[in-house]
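Chain lettering (A, B, C, D, E and F) follows the sequence in which the chains are written, and residue indices restart at 1 in each chain.
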Amino acid sequence: MEFVVASSVGALTAAGIYLILRLRAFAVILGLALLSYAVNVFLFASGRLAINMPPILSPYEELTYSDPLPQALVLTAIVISFGMTAVLVMVALGAYLESEDDRIDLEDEAEEGDAPGEVSKL
Amino acid sequence: MPDYVEILVSAFIVLGGIFGLVGSFGLIKLRDTMQRLHGPTKATTLGIGSVLIASMLYFYLVRGQVSFHELLITLFLFLTAPITANFIAKAYITRHIREKDLPASSSEYGWSVYDDPPGSERDES
Amino acid sequence: MNHWIIAPVILPALLAPIIGFVMRHDIPLARIASLAGTGALLAIAIGLFVSAGGDPQVYYLGDWPAPFGIVLVLDKLSALMVLLTAVLAMIVLVHAVATGWDARGWHFHALFQFQLMGVVGAFLTGDVFNLFVFFEILLIASYGLMIHSGGRKRMRAGLQYVVINLAGSTLFLFALGVIYASTGTLNMADIAQRLQDVPEGEAALVRVAAMLLLVVFGLKAALFPVHFWLPATYSSAPAPVAALFAIMTKVGAYAIIRIHTLAFGPGVEATDGMISDWLFPAALVTIAVGAFGVLGARRLMPLIAFSVVGSMGTLMIAISAFEPTAMTAALYYLVHSTFAAAALFLLADLVISRRETDVLSLRPATVQNGLFAALFFAAAIGMAGMPPLSGFLGKLMVLDAMRAPGQMAWAWAAILIGSLITIVGFARAGSTLFWKPMAIKPEVAPDRDEAGSPGTGARTAPAGAAQIAPTMLSIAMLALLTGFAGPLTGYLSDTSEQVFDRSGYVSAVLDGGPVATHPEAKPGTPSDDAAEATEGSYAAPEDGEDN
Amino acid sequence: MITLALLFAFVCFGLGLLFCLWRITIGPDNADRILALDTMVINVIALLVLYGVSEGTAIYFEASMLVAMVGFVSTVAYCRFILRGDIIE
Amino acid sequence: MIEDSFSLIIIALLPFLGALVPGVMIRAGRNACAIFTALPTALALVMLLLHAPAVMSGQVLTAELEWLPQLGLSAAFFLDGLGMLFAGMILGVGLLITLYARFYLSGEDPMGQFYTYLLLFQGAMLGIVLSDNILLLLIFWELTSLSSFLLIGYWKHLPEGRQGARMALAVTGAGGLAMIGGMLILGNIVGSYNLTDILAAGDQIRAHEWYVPALVLILLGAFTKSAQFPFHFWLPHAMAAPTPVSAYLHSATMVKAGVFLMARMWPALAGTPEWFYIVASVGLITMVLGAVIALFKDDLKALLAFSTVSHLGLLTMLLGFGTEAAAIAAVFHIINHLTFKAALFMTAGIVDHEAHTRDIKRLGGLAKLMPITAVIGTITALSMAGIAPFNGFISKEKMLEEAVHTVWWENPWIVPALATLGAVFSVAYSLRFIFHVFGGKVRDDYPAKPHDPPFGMWAAPALLTVLVVVIGVMPFLAEPVVNMAATAVTGQETNAYLKLWHGLTPALYLSIIAVVVGAVLLLLHKPLDGIWRAAPRPEAKAIFDALLAGAARATAGFTELTHNGSMSRYLAVFVAATTALGYIAWSGSASAAPSRELLPIPPVVLVGWVLLLVATASVVICHRNRFRALVVIGVIGLIISFGFVYLSAPDLALTQISVETVTIMLLLLALHFLPKSTPMESSAARRLRDGVIALAAGAGVTALAYGFMLRDVSTISGYHLANSYKGGGGTNVVNVILVDFRGYDTYGEIIVLGIAGLTIFALMEALLNGPAANKLRNTDYSQDRSRDRHPLMMVIATRVIMPVAIMVGVYIFLRGHNQPGGGFVAGLVVSIALLMQYMASGFAWTQRRQQIEYHSMIGWGVVIAGLTGAGAWLGGKPFLTSGFDYYHFPPIEEFELATAMLFDLGVFLAVLGGVMLMLYSLSRIARYAGETVNVAPMDYDPSHPEESQATEPTEEKS
Amino acid sequence: MLTRLIPHPLLSIMLTFVWLGLVNKVTLGNLLLGLVLGLIIPMITAPYWPDRPKLSRPFTVVRYVLVVLWDIVVANVQVALMILFKRNDDFRSEWITVPLELTSPEAITVLAGTITMTPGTVSATLSADGHAILVHCLHTDDPEGDRDRIKARYERPLKEIFE
């Protein structure tokens, strides 16, 4: 079981990294999504694996429970990365709409004359 | 626990397994998308149905606890399955079937996939 | 328990939503609230700074004993950083309001307050995962500020900023996973204590954790080779935001100072020397990158951004020694470089908004050319580390502290040559910006008085007192740092003493606070065998309640 | 006996999942993929319920309930994207 | 003996305080300005001279202020003979320059600035010569570089001014930085930065292994400042400065700073072969070279500049000799050179000012037109030539005498020979100055009609000329001063014995040779000049500019190459570095032996594994088809959620599945406006590289995860399990951790969501007010679409499903504390329910029926959570301390109420508001894309055919 | 007035049962809470369900439900057998148009749903004016027969129930 989880994390990580190394924003977004899957499982696994011992205290019997702390951490991490992804998606969309393509790279600074200060005013 | 309970529960479980498998099998066996649509929307429904029945029976007969929230899942699937199928079908039709390949709608308006609803200006886009 | 410790986090946290969701259609009101809030934050910060004299003070959130709940720790270092943040924030905020930057987009003040909350929270927390959470808060707020008021270039640079930081956050989580997996705790003090005697077997994991964290914090601190994002970001951000970001790189530096002295610091044989061995060369290259960037810059904002990179290199060199004297120098230089960067960015905003471009090419002289030239000269001196301003003292202290035989020559060469290149770069930029233009309009070549005659082709109204004050204030801070270098350094050396006093920190956190209500897990004494740890005895309630 | 039955069912739905995966990877049409995903959701629900039975706990019920809900919504969203481009218009 | 005198500090500070004066006084007129500028200088000079007797009697005055004790830096000043001499020169000449500049500067020039800079510079110089702390000295040292940068660049409109200033700054600044290194080493050796201590520790220093590096670094500072070969080139270009500046900086003071430093450090550093060979040789070369070049300069100031270079070389050489007599000669020549060179510069300035040219070729015969100037110029020039009976003669004699006694690398004649050569050329250019400017017949083609300037302008040079003569005729008058300084330099009592006539010494013969040959050279000047011009010689400025430009270009190239904005490369570096470092750290020590038996792998898990791997792979393979990738992502999310359930993390499963759905909907909404496919852009090699990096990282993560899962570790969570119910009042430990043990994290987490909502909203506003709006309007997003937007069936189904879904949400919220669920999942479920409604009946129709406003919902959520936490303060408890209790009203069974639930409510609201605000923002963009807005819940309701189903154009578009 | 408080009584009842199902335990407290929620939630969602369909003939409803359930079981078996044992070439899939007399959207939806859940048929789409359903038959030998069966077996009772 442990190896299954570990290798899955590895696979997700590798895929995510490959995708964030692409040139288009959308691929990068996909990559980051995979990476956050990967890291969530990784963080979860840091509490070690347990089958059918969810940390829901049972009123009726003495039980062993899986480590609840990493689960809580992963929950927080999931929520945060959701917020981040949302912002990322919007920024990517904004960058695309403001320019002609959704490339992730910047063009050469030197050519650019447009400076902070002459931007859209309210 | 008495045998008949075991048999009953097991039977439903096995039944569910079989139908589930068949439904998914249809997904790869059948030839075109519309045909495949039939498999899941039915076989799986019964499959999951009997699984849920099995669960209810199990908890009631074996565990002695009344459990009927499985009904909720059944209800939910029955509510949603047709909608899902309907959407998937339309998704397929819009992309792959031309209006003339379908039977006429037998009313003044064509199928909603191709034709605007009454009232909206027809010459849109 | 001193409830004021959490005040600097809660204040903006409660103020920001009100500004953002209630006052969002009323800029003047938002401005007042934001200024008032920042003022209050400053007051609180001063109060905490004063009260942080003695041992670390611990705030046990939720009244849970450490290491089981989250704690805030107020020691000299965190108090210093909070105060630094508050002062910088006040300066930047006044600039943003005076120049009207805050009105060029939505939610500036709410995001600004949230940003402060994140930064301050990061400085105060005593829990590694909570550190992550506040990193995220300050980051996501900074995304909003970074792309404030939009614009093509800014949006694309912003996208890069978001992406690189998301990657960084992911790495942070990986590191935290390794930490929990290897130590079974998240409380910094507890980690430090458990790492004191790492069984040789777990050293590998611990080392990996330390290294990954170094990369994570290095990314924030613009440390080579993970600094590449900074120039584009800072030079595309609204100038006041860039000025505020001067504290963000310091967050990374702070985290390294905190974690890599407390947890993986000197005396932990698992990670002994490893961090220093990698941090030092990276810092050297960072200085080079920054200096080259300054000399080679074609535009003003990147030039300043690269000078920031260079300054982080110097700072990191001092940190990498991981000994009190060098740490004192590092802290001094940290404070200095924050204000130097702020001064430059704020000034750049004033200049660029009048030159209408930050390209370092010949343009007609702007209104107040003389004044801007003088301010630029001062700020550049500060950043380049020329006397008489604090940059010089800071660099002297760093050089003086880098006495390890293996490192001395490298450190000195890097810092001194780096300074030279930086000076030359600033000199070129300055004379292009402020001197050459005098040649274009000979009839008004020498500006008789600093007020600037209308003949000098003023594009826009001259900057009023309120607009110039923040820049001058940040330069004044440099002057103060110089004048009161003695007393300040006295405080800072106490601070670095405390930073390296691991046992003091640990006992303050783990021995104080509410008593654990549960016998088999006392605060600070981790239950010794895993079976017991993952098992909780539990008394059945009268009736299982389902709703 | 129940255990055997459960094992059998697990294998069935597991195979079912693999069939769905096959359909998703080869397509050919996006409609097929969405269909396969939807079927997958149902298989997973079945597996969750069976797992609850095999462990004799009701604790995984919410999960299956939620999977059912969410599966429906995302299927609709996918389809609307193909149908209208904008899923909320 | 040493005496404490606070007045030193005042002397050192006066110029800086004075620097404030001109800015104020300039409005009171130029004269007032000049006078008030002179005041502080004069005051300082007076205070200084008051100490003269004490110093002459061998006292050393000191004063110290704490500054940065931790570093060993203190504002420590001391005044000994050498300091006295230089301080006197600086202040005295400063006074004269102030006077001179008043008349020299035109009405155009901003005099206030000039005097400010001048005083700043003066203060810096004074600081150098008075510092008793080498760190302090360094500070003043660099200050002179900076202030001279300002003075040289004073005429900002002149390009040569700017370039000269930059060059001076670069060269002297670089030297200064080198010197920092040297000084720090000295302090290192001696263990103190106090100059007195260092001077006392000469032997220790010379014996130390770091002596040579320190020496070299310090000399670099001195040589650059004093324009010694090969750093001499900046000085002539500094001549772009106004003449008063040249006279002050480049004859009297700044260029002497290097000499001063060598003299100052003499006791500590001098007397070793290294010192001799470096210092003496460089000085010698400089002396000759400067003299030779000076002869061929037509610009008066250039001529004087190179002569200065040459004379600085002379001084350097003398100090290099390291003998007491040489030191005396050096000190004496410092005084003499000051007198005649300052006067000469002012003369040149007068000529320039009157004749409007400094070009010797255009001058001549001025003697008749401006007799006073001529007299001054002639006398001082003769002194420069080293011709009796002027002071220059005596010091040059002493120099030649020392040269004669100097053996260089076992070679007795090379030093005297070269020294004489230098003397020859200095005679030649001095005579040229006299004859080609003042001599000859009057011309009629001067740019302006020259005549003697007003008294104010020639007063200063005249005064200096008097000194030239007096010291020349009665040198013994200078003896006390010379001794005072020389004693300080050598560190032991000297007694200089100065007189005009030494008898027939070898030096005298050499002098005579020098004068004769020099005169001959002048006669041959025309042909020589021709040869000189023909001869190829390196143009230092060109080289320097080329170097600087090259450096700038190189660094620019490097920077733009490495920071080319290629995110993918940055990330590749980031990942690669991380992986490598991680591996290094890992391999740096042993890993643990497994201490945990592994869990079995049942078939279903195996299936899940295959599913996950295949799905992951196919995301990578088909990522160019963006929609397809999203579908597969859905699969991955499903599998992972199932995995969480299987591995006893039901809460994670709930969260994962719902978050993932909302995320996919966000992505779909965004994808509507983005390109639907990703083009194949990167090369195969590039993809291979990325693949390798990715696989390496993946392998690393796998190893790491597997590594720690093999082992057990004692964690703190035993406490949470044990106290969740007793202390937190909940049986779902995860939830209790979230809302209680680590509620602070959750608080931060919902704030992140709130900020995300804000940011997205702000971003959208910025977009829709920018060019993006036009792009949206001008793009047609409606290609071959199905015609039914709001299908009847979906609408009807939603009417039933949504309330059920909301019910589920409420349920999950209420039970979260004890069973899987909680505010966050509940929030997501409810927002998913709302999304269903949005999808069914469309945005506009739904939004119109939307009572609550998302902005304030987020706000309320955050505030409620915050206030719940702060409520604990009322009980004097820390933030987020929770309370709970059980209530029982028969016949209803007992139930629990906990503050944590209120906190959870905050979470719920923030999540709901956040998610909805994001989708709201995205949908608003669609309005701009010109979508029409429906006024009915469904496309067509057969039961109400009369109702108009017409859509109206979007309000936003108009 | 009452309609504003209880816009959809049936929905309220259903929600109460849903609640009991969720908590999976019938107690007085749960019942009360379920009722309260069952009343509140429809009030909140009322704006999204403007009109109020009226159901009549409860017995017809029950009969209809039973019929459909039975058909579903049969359908599943039939289709399962087809999928397993019928060669792909032997499938004769057909599109058939089912003209509708029903006008109530609820009724149409239920009919479409029934069609999808029952033998070898999937309702693909409606006509733009909702007067006909396009049905896809997996395998049929007489399309007209199927159409009439649908109308007779399902549409008629629905018409009674909803109109």
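One rule holds in what follows: a contact is a pair of C-beta atoms (placed from the backbone, for glycine too) under 8 Å apart; a residue touches a chain by one contact, two chains touch by 3 or more.
No experiment lies behind these values; they were computed from the predicted model shown.
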Going only through chains that touch each other, what is the minimum step count from chain B to chain C? 2
Which two chains share the largest set of C-beta contact pairs: C-E
So, what's the distance in Å between the C-alpha centres of chain F and chain A? 40
Just give me the whole-number Å value for how far the CA centre of chain D lies from that of chain E. 59
Measure off the straight-line distance from the CA centroid of chain A to the CA centroid of chain B, and report it in whole Å. 33
Residues of chain A whose C-beta touches two or more other chains: 20, 25, 28, 38, 40, 42, 45-48, 50, 52, 54, 56-59, 65-67, 69, 73, 76, 80, 83-85, 87, 91-92, 94, 98, 104, 106, 109-110, 120, 122
Going through chain C residue by residue, note those that touch at least 2 other chains and give them in order. 105, 129, 133, 136, 140, 143-144, 147, 149-152, 160, 163, 167, 174, 177-178, 180-181, 186, 232, 298, 534-538, 541, 544, 546-547
Touching two or more other chains in chain F are residues 18, 22-25, 29, 109, 112-113, 125-126, 128-129, 131
Footprint of chain A on chain C - complex, ascending: 103-105, 129, 133, 136, 139-140, 143-144, 147, 149-160, 162-163, 166-167, 169-170, 173-174, 176-178, 180-181, 186, 232, 235-239, 298-299, 301-302, 349, 352-353, 356-359, 534-538, 540-541, 544
State the interface residues of chain E toward chain D in the complex, per the touch definition above. 602-604, 606-608, 610-611, 614-615, 618, 627-628, 630-632, 634-635, 638, 641-642, 645-646, 650, 653-654, 657-658, 661, 664-665, 668-669, 671-672, 781-783, 785-786, 788-789, 794, 801, 805, 808, 812, 819-821, 825, 829, 832, 835-836, 838-839, 842-843, 919, 922-923, 926, 929, 931
Within the complex, chain E is touched by chain A residues 1-15, 17-30, 33-34, 37-38, 40-42, 44-59, 65-69, 71-76, 78-80, 82-87, 89-94, 96-98, 101-102, 104-110, 120, 122
Touch list for chain E against partner chain B, complex: 782, 784-788, 791, 793-794, 797, 800-801, 804, 939-940, 945, 948-951
Touch list for chain B against partner chain F, complex: 18-19, 22-23, 25-26, 29-32, 34-35, 37-39, 41-43, 45-46, 66-69, 71-72, 75, 78-79, 81-83, 85-86, 89-90, 93, 102-113, 115-118
